[in-house]
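Same chain, two partners: subunit A is paired with subunit B first, then with subunit C.
Right after this comes the complex of A and B.
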């Protein structure tokens, strides 16, 4: 059998390279209307009065009074309204849509709508905890009592914007009484279920189709449901096709971001200078609505010890509501904040103890069979020592670290170790998602893949098709996979959580096996496969106890930097990574994820600054919000280890998020070495470095 | 109907703007961004545009005995390749925007836009460049610091077109440019620094320093420079601290979405100190 990792041209390559791919904004329906959202200009308050100018013929206002059923966008928490009623909770809170045929006239109407608010004092600090989770492992309290030395640090992280190429958008229309929505989305069934709730209609009355998606990075996980509900309400009332597409600035100002965090870590140090216990408090800024922030918090908390094993833990987490843009899903989903914090902390402890940092970390490295943070077990082999050795060798880490730590060259090298839990947290796959996939062989013996997984550029169409082709032993050209359409595909779950290759791919491999045994040439054969939790995986959602994930992917990032002594600018010189993602389903696709993920992760550490001033984001376009260009991206080398996972298709585990989560700590550690000062806050911008040089701790 | 004009000659262009209504557009890399509208809408130019991009007569680089003459419509990328363009200017242009933008963007646009962060401006100030303006009723030539009257404001009238930038030829033994952008390409300067000196037998004959993005316009202090000419290099180095102090009151940056004033001021003075220290 040929090695599945061998790269093939992506199935959608031709379509995209030729410019023929149809994105939402390319869709033009005769007689189509446009919509624009009128939004709150205050961070908190009550709407006292809305003055709408006299509308020209065929121009309409759609607001909460038009909602047939619930004024709620179904996510995990039902706190996100489709349209604000009397209360507004952040700048950008949607109040109504203006709908009509000419965008210039719509803009004019929007500018002339006068809204009077009774403003209230907005909250921007961590005061209103709305989610409060806790768990323990071992007996941290006792360990703290029994040890004399305790070390504490607090780490802070900022916003991160997904900055997908294509801003969010939908086109919606009526089709024989039903409403069809075509969107730039990651989760067709999230959108469908949200619209069903808002319209209060039956299963069959709503159809959701995915247009070609120009990037998502998590940003198109839950936010599209907000737009879809608004648009569905408008289409239901006006009975015309309508397009709602954001410009870049509106998109950046109102869609979800990575949660800013403050993480306080306290360690009890045993006699032998190891960490006997860890006390962690993870605080996330949820913004104005919770949406799915509690799940983000869970993932942060579950990553509390990252690649290390610590026997005694006391872990607390809170999501705070603030009067700012709601935060949400973003590649890594809570893990980047935590992995940054724990990696810095392990270094800071070692330094404060006068221990060799590498030795200290190796002593704590997790091994197969160890208890996870939630007292489950690492069931699979952990090959971190091999990854670490390879990454250090490729980057010449040992020599460089010992030289740079001493000299005045302004160079630094940092190395992060991390894992990423694959698939939904805890029992999510079994209890909530209940994924289902369908394979349909037609009379020409072509096999059609029916899944809700979205190819947003990450290559899932190609990898899933390869899994099916290889399982069946048929040519790739005989496998057909289209963009999901809820009329045809079962709910194989959202395209999130590094679950597509492992979980959806795993189901497809099983379906493929069955199809193979039921194969009758020239006849239609349909096979449906449903998710089953592996027997050895046990999870208690209430107590945060057990196996939080069925499998883990592992990685090592090494980042080398030079800091300009006069301007404090950071220049990333090179990046080296080693990953265990089980088995690459396509080497080029996986390396593409690796290059993009690490660039995004490193940039999170030093480049991507987003702040708000009294609830108003200061960086609202790509001139002011910096993502790395090709010139900023350092030479990047990646080594992929094979460590096949028995339950993944051909051994594959998750890979998409793994490549992001270790970038920021590796970068921050490199800067720390270059400047000889402890870094406790990212992004570590030149402005921050200047302050550290003046006042920082060694 | 809005009328846009694409003149083939400078004379036609001047006639088209003679009534002071239409705006001129060169590469459009500032103008199109500034006039952007929401999703799906084109920028609005209610009085019409006069496109300068076909004016081949304004695309040239000519060298005379004492100056370099740059035609206003010469794209930045051409200047980057041109053998007569001074290296210091090339260094600056190479850090402006990105190759695609530089194929259309012009120095004239950078001048007329008059942003305190405009990167070519720091050079034009440092070198005492002159800017030639023509209108249907005549022409005038002014030094750059008289053209630019404040942040985003110039003395240009709506009937005038920048036709040429004149760069006097100087001899320097030391040149320095540093752009502090938030990233390494396609970035607006948070601060910038340019300096040049001519040293002969250990004596400072010429000494110039300019700071960008730290005040309403580029900062250049000729009075300070004058007092330093004629000093010995080691004396200058010894006086570094007091020189920096004299500059400090002229460096008055702001806080904004790209950086803060403490940083801008600190790095500006660091760069000056480094320039002096390495003479």
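Right after this comes the complex of A and C.
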């Protein structure tokens, strides 16, 4: 059998290169109207009065009074209204849509709408905890009592903006009473279910289709449901096709970001200078609505010890509501904040104890069979020692680290170790998602894949088609996979949590096996496969106890930097990575994920700055919010290990997020070495470094 | 409104629209050329790049009035040429395409770069692409693709 990892041309690359691929903004429908959102300009208050100018013929206002059923966008917490009623909770809170044919006229109307607010004192600090989770492992309290030496640090991280190059958008229309929405989305069924709730209509009354998606990174996980509900209300009332596409500034101002965090870690040090216990408090800024922030928090908490095993833990987490833009899903989903904090902390403990950092970390490295943070077990082989060795060898880490740590060259090298839990947390797949996939063989013996998984650039159309073709032993050209349309595809779950290759791919491989045994040439054969939780996985959602994930992917990043001694600007020189993602379903696609993920992860550590001033984001566009250009991005070397996972298709585990989560700590550790100061805050901008340089060496 | 004439993808065209209209909108709305994308609308991302008299220009910041008498090539006009084929083949080989929203602009940037400098160094490629943002690939595979296109397409530029 040929090796599945061998790269094939991506199924959709030709249409994307030639400009034929149809993204949402490329869709025109005859007679189409446009919409624009009128939003709160205050961070907190009540709407006292709204003055709308006299509307020209065929221009309309859509607001909460037009909602047929619930004024709520269904997510995990149902706290996000479709349109504000009386209360506004952040700058950008949507109040109404202005709909009409000519965008210039719409703009004019929007400018002349006057809204009077009774302003209230907004909250920006961590005061109002809305989600409060806790769990323990072993007996941390006792360990703290029994040890004399305790070390504590607090780590801070900022916002990160997904900055997909295609802003969010939808086109929606009505057809024989049904509403169809076509959007730039990751989760067709999230959108469909949210719209059903808002309209209060039946299953069959709403259809959601995915347009080609121009990047998402989590940003198109839950936010699109907000736009979809608003637009569906408008289409239902006006009965015309409407396009709602954001410009860059609106997209940046109102869509969800990565949660800023403050993480305090305290370690109890045993006599042999190992960590006997860890006390962690993770605080996330949820913004004005929770949405799915509790799930983000739980992923942070579950990553508390990252690649290490620590016997005794006391872990607390809170999401705070603030009067700022709501935060949400972003590749890594809570893990990047935690992995950054724990990696810095392990280094800082070792330094404070005068231990060799590498030896100290190796002593704590997790092994197969170890108890996880939630007292489950690492069931699968952990090949981290091989990854670490390979990454150190490829990057010449040992020599460089010992040279740079001593010399005054302004160079530094940092190495992060990490895992990423694949798929939904705990019993999420079995209890909530209940994924279902369908394979349909037609009379010409072509096999159609019906899944809700979205190819947003990560190459899932190609990898899933390869899984099916290889399983059946048929040419790739005989497998057909289209963008999901809820009229045809079952709910195979959202395109999130690094679950597509492993979970959806795994179901397709099983479906393929069955189709193979039921194959009758020239006849239609349909096979449906549903998710079953592996028997050995046990999880208690209430207590955070058991196996938090069915499998883990692992990785090592090594980042080398030079810090300008005068301007304190950081230049990334190169990045070396080693990963265990089980088995690559297509080596070139996986390496592409690795390159893109690490670029985002490293930039999160030093380049990407977003802040607000009294609830108003200071960075409004791609000029103010800097993402890496071709000049900022360093050459990468990536080594992929095979460590096949028995339940993944051809051994594949999750990969997309793994490549992001270790970037910031590796970068920050490299800067720490270059400047000889402990870094506790990212992004480490020239201002942050200047501040650190004012204080003495550590 | 007087009409403005220019050459679009090799054919003379004429359009009546306000002279300050963005070329991007004219291309997408009046000529239905949707391969030119809008990523930012403010000259930062390069998704809207087209060739004007064979140099790369961000069409979102280019008023229609300036187009008068110029030769404008969009991705649709460039696609299918031997140079496009060489770049596209290399992009595929190296894995330079992910979500694809930046891709037409990247290919236009590659053409503009190679046309000026048929044997660019890695550094020159990075600088040449620095006006085009890509959030998916981290650029390395695109940089490699352009090197490959320059080598395998030798003589085309």
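As a working rule, the second predicted complex is superposed on the first by the 696 of 698 C-alpha atoms of A that agree within 3 Å, B and C clash if a C-alpha of one lies under 4 Å from a C-alpha of the other, contacts with A are read in each partner's own complex, and residues count from 1 in each chain.
Throughout what follows, a contact is a pair of C-beta atoms (placed from the backbone, for glycine too) under 8 Å apart; a residue touches a chain by one contact, two chains touch by 3 or more.
What you see is a predicted model, and the numbers here were worked out from it, not measured in a lab.
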Touched partner set for A:681, first subunit B, second subunit C, both or neither: neither
First, second, both or neither for A:568, with subunit B first and subunit C second: first
Contacts of A:631 with subunit B and subunit C, given as first, second, both or neither: both
Subunit B versus subunit C as contact partner of A:34, first or second or both or neither: first
Partner chain(s) touched by A:166 [first = subunit B, second = subunit C, both, neither]: second
Touched partner set for A:25, first subunit B, second subunit C, both or neither: both
Which superposed partner A:107 touches (first subunit B, second subunit C, both, neither): first
Touching partner for A:217 - first (subunit B), second (subunit C), both, neither: second
Contacts of A:623 with subunit B and subunit C, given as first, second, both or neither: both
When both partners are placed on the shared chain, which of subunit B and subunit C touches more of subunit A: C
Residues of subunit A that lie at the interface with subunit B and also at the interface with subunit C: 25, 167, 247, 623, 628-631
Subunit C to subunit A touching residues, read off their complex: 28, 33-42, 44-45, 47, 74-76, 79-80, 88, 91-92, 95, 97-104, 107, 125-127, 129-130, 132-143
Subunit C-facing residues of subunit A, complex: 7, 9-10, 12-23, 25-26, 162-167, 212-217, 247-248, 456-459, 588-589, 591-592, 595-600, 621-623, 627-631, 633, 635-636
List of subunit B residues in touch with subunit A within their complex: 33, 37-41, 98, 178, 180, 182-188, 257-260, 262-263, 266-267, 270-271, 273-274
Complex contacts: residues of subunit A adjacent to subunit B: 25, 34, 36, 103-104, 107, 167, 169, 245-247, 250, 566-569, 571, 607, 609, 611, 618-619, 623-624, 626, 628-632, 686-687, 690
